[in-house]
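One chain, chain A, appears in both complexes that follow, with chain B as partner in the first and chain C in the second.
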Partner chain A sequence: MMNPIIQTKRLTRYFDRQAVVRDLDLSVPPGQVTALLGLNGAGKTTTIRIIMGLLRPTRGSCQIFGKDSSELSPDDRMRIGYMVEGHFLYSRMSVRECARFQGAGYSRWNDTQFDRIVKHFGISQSTRVGHLSRGQRAGVSLALVLAPDPELLVLDDPALGLDPVSRRALNETLVEFAADGQRTVLLSSHLLDDVERIADRVMLMIDGRLQVDTTLDDFRRRVAGFAVEVDVVDSDRVAAIPGLIEARRLGPRLHLTVADADEETSAAIERLQATAVEPIELPFSDSVLAWLSRSRNQHSFLGRHHAGEST
Partner chain B sequence: MNAIFRKELKDILRWTRLGMIVIGLLCWNQVPDDFMAFYYAFPRYLRQMSVIGSGVFALVLGLLQSMFDLRTDARTFLLHRPISSSDIFRGKLAAGFVAHLLGWGIPMLLVVIYLESIGPEKLPVTWSDALLPALCCLVSFLFHPAAMWMACREARWIGTRCLPLVLAFVAVSTSDLIAQRPFREWGILISIAIVVVTAVVTVAGARHAFTRQTCLPFGESREAWSWSNSIGLTTASIVTFVVVAIFLLGYSNLFRQVGQTSERRLAVAIDGHVWELERTRYPSPVLGVAPTQPSLAGQNLTNQSDGNNRFEDVGQEWRGRPLDVLPAPRWFPPELIERFREFSSTASTKDHSLSLYERNGHLYLYSQYTGWRGTVTPRGIFTPTETPQGRFNNAIALEHCARHTLARGKRIGGQRIFADDSGIYQLDIDE
Partner chain C sequence: MRIQISTGSSSPIYRQIANQTRYAVATGRLAVGDPLPSVRALAAELVLNANTVAKAYSALVRDGVLESQQGRGYFVAAQREIYTRRERQRRLKKIMDPFLAEALTLGFDADQIQAEVQKQLGKLVRSGQ
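Our next item is the complex of A and B:
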């Protein structure tokens, strides 16, 4: 197996007394698109900031290109394109000034690439950043991280604020970027459909811990869904289903999401005394949502379903 | 680093204009009118006002250049680029320095050029009078890195967060002392050393806070330690405690004189002899106020056999007390340290108070309401329309002894007595 581009070991970071990232062991393989998923506050951005060497861990280690992330040299940084969450840019600069400012120090800065991406988003280079829409700012940010032709792209919620056409263009760009197998992408996102289209690997963070770290295909294969018709829900028996990720009441049916379902799982479902059990095909986004919802135990905000109905 | 410098400078130049206006108003306020010239010490007031203005300006610039970058997204965007975070800090510092220099330098220069252009009509000011205020303003830039340090360092309470500002305050106060006291060489050296060490510690501490502390977990990492942090904050804490203690214990109690001290001045006696006057202060345990008990040291400095106006050498140790002296070494070009000296006030025969300023061996005389009255030289008093002839050579003001006059028969007892290398003089101003 090739050496991972990014590797963390027992990475932990506290803010005051709150652990935002806990004992995180993750590794990002080279030449792939890896998606870091999680709810708001799960610790994705903190993890990315530690990976980028802009925040020190409270304990544990983080290596990028085989070096401690806190010791990244300017040459190492030149190999990494990093898009900040929220597409931060200096609002008083024009787009052209942004390129000049950002390009300083890069040995492989590609003006043509920058111009092409900016043009795709229909942005004039003389426009001040403060006058750009959020989507246009995202376009400029993307152009800024791609123009130095980095080996590693780290994108923190890159599609935030993009219209559907731009989102598709972004997805295609990332797939094209990593297509040669030489370059690596790590992105965090809440847009699960986009992730499904472009990612090779998924990592799921819940409450600062890494719950899932596998390939997209493996994730799809290992998570299964069942629609169960039961008259009375026995919460204890539901909770006893091996590998249960989520149980959700939808009308007269109980929808179960299970990881690594096997014969024991089937037997446990049968013990629910269901009148009908039907396997259902779970889309990737529903599987991820099942994982994420479990941590928050959240249903409709209207409150018609009780928390006790979910395990 | 150049890109950071240009970006930072462009960002803060708009604030520089505002700072220029405020400092300009403070400096302009020091331009004396006819009434002010009467008791005016331009370099001192210019220094005080410009240092306060430039210090606050540096503080504001430092905060503006750091607070904004403490936002997670802004900081991340700034720091991830192919230059080291130390270079980013240096770029910010350099931009702040240039903006600060423009902020106080231009208004001060304009005020000094204006005063020099109108000549002694207002005050005998030249451009070199701005040197000492400029020196203090330069040092006041330390409030900029101190503010960056304050913004970036870890602290739970705003009071302890502000500790780096104490270091800048120490440096500025010391530079102000250098500017106003004619120290002996060792005193100057110690003061300059204090300013330099404080400056180095402040800049190093700010750099450490900017590049390291903002990334580290609060109070948990060994990497939070640095020599600049330890020395700087410990010194600042001690200074703060001492200052607070002075206020709590009472200024007079703390500085109550514990021993007998003496100082020496030159004085003229009624017979025209110049005496070295030794004033001895005795400790006063009752109220903490030390009474002054003059006593004649008994050393007659005139050569009595040769006449009244020949002086013996008073030695290297004796120093006059000019108001503003640039403590420069002997090799320093003298034209750069032209002295603007205030000889305090004197009185005319009609008891009108007049102020005297010395410049280039000429004594410029100003009176209340009427402004410039004339120029005094060893050859006499010249009106403003006349060209003064002759110059004093190393003039110093002498104490009156018992307020008697040298010129018998005329009531000029309150008027100043001067000595220079050629002799002794008393003003005879009839107004």
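Our next item is the complex of A and C:
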């Protein structure tokens, strides 16, 4: 790929004896929106903080713009917009004062851009930050982060707790920011429908490791679903299905989610001796869910048995 | 013509856009030569990544439904025969099989299905004029 904007090599980070990020080789390409997905505790925030130079790796390296992320100059930092949930704003300042306060620190500051974004979130600039709703505070944070016209925007769960209208305003702003393909966005999110709308690429972290790193389209294409009717479930044979991501019992059927299904997959499914096998086209969110369930279901990939099930 | 997309659908978003546009052209809602919104305009309206819209438009250009005019945007193309007769039959069968299966499952018999098809076709042909 063209020189990635962010590049990690075998990035590892321990907290005490717990490896929160393990051997991460992650590349964020320029000019695209990359979504970082994973359960809480999968290591997303830690990874982002290391990328932003706020935390040092235990092992491995992390580079932004080709430089070590802990050695960014103030000029480099001005090229990056970083938005975390609960971006700190002084509650007694008015929105306008926030802009002046923040803007003073930047050589490049677009007042018109700030005004537009803030207006888009339905905010009046004379309002004190403390009187804004959560969604509006997110709007101010976003406006403050985008007014310096950064090349790279890094967002950690930006839509957390936002009402639907603010969420839409956030998505609209991000889509516009990324539209010319000249700027890069990395965002971590749990909102799979929003990711489906705005992302070009998805990266999935499970238990500190990167399990998936590809385009949204490729991800969808490569994950297939099957609804299988079997009287008796042979766990070993299910486990032997190549590329199995998840096997879930739903009533009388077994729902299989498989990566890169081919003839071997079909053969393995046939060996289950099912009475019926039906291919299912999966929504993006279901494919992601199947992957993310893996760490939860590590030892019992069939999930929990419910009382009353015959098998 | 108003496009509406759904997230969380088994159909990828670019395909929803392409199918709705195809349908609009097939039913005459969009006439030959009509302009389509620019990629960025449609992306902004639907709150989507612009590349998704671009992908839909590319597919439509490839299939001969739209044409791209340098510097001016996308327009509905004059319908050309780009498939062989055999390919067209194959494609028709592909959409007919699930349609017939569903109709039969719903409990309609052959005569009823044919009558309904005639009725709907009649409406489409009339609205396209």
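We adopt the following convention: the second predicted complex is superposed on the first by the 292 of 311 C-alpha atoms of A that agree within 3 Å, B and C clash if a C-alpha of one lies under 4 Å from a C-alpha of the other, contacts with A are read in each partner's own complex, and residues count from 1 in each chain.
Throughout what follows, a residue touches a chain if its C-beta (ideal position, glycine included) is under 8 Å from a C-beta of that chain, and two chains touch if they have at least 3 such contacts.
Keep in mind that this is a model prediction, so the values were computed, not measured.
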| item | value |
| --- | --- |
| Contacts of A:Tyr90 with chain B and chain C, given as first, second, both or neither | first |
| Partner chain in contact with A:Arg13 - chain B first, chain C second, else both or neither | first |
| Partner chain in contact with A:Ala104 - chain B first, chain C second, else both or neither | first |
| First, second, both or neither for A:Arg77, with chain B first and chain C second | first |
| Partner contacting more residues of chain A (chain B vs chain C) | B |
| Touched partner set for A:Leu55, first chain B, second chain C, both or neither | first |
| Contacts of A:Asp236 with chain B and chain C, given as first, second, both or neither | neither |
| Footprint overlap on chain A, where chain B in one structure and chain C in the other make contact | none |
| Chain C partner contacts - residues on chain A that touch it in the complex | 32-33, 168, 171-172, 175-176, 178-179, 181, 192-194, 196-200, 217, 220, 280-285 |
| Touching residues (chain side chain C, partner chain A) in the complex | 7-14, 40, 43-44, 47-52, 55 |
| Footprint of chain A on chain B - complex, ascending | 2-3, 7, 10-11, 72-77, 79-84, 215-218, 220-221, 223 |
| Chain B-touching residues of chain A, taken from the complex the two chains share | 13-16, 45, 49, 52-58, 70, 73-75, 77-78, 80, 82, 84-86, 88-90, 92-93, 100-102, 104-106 |
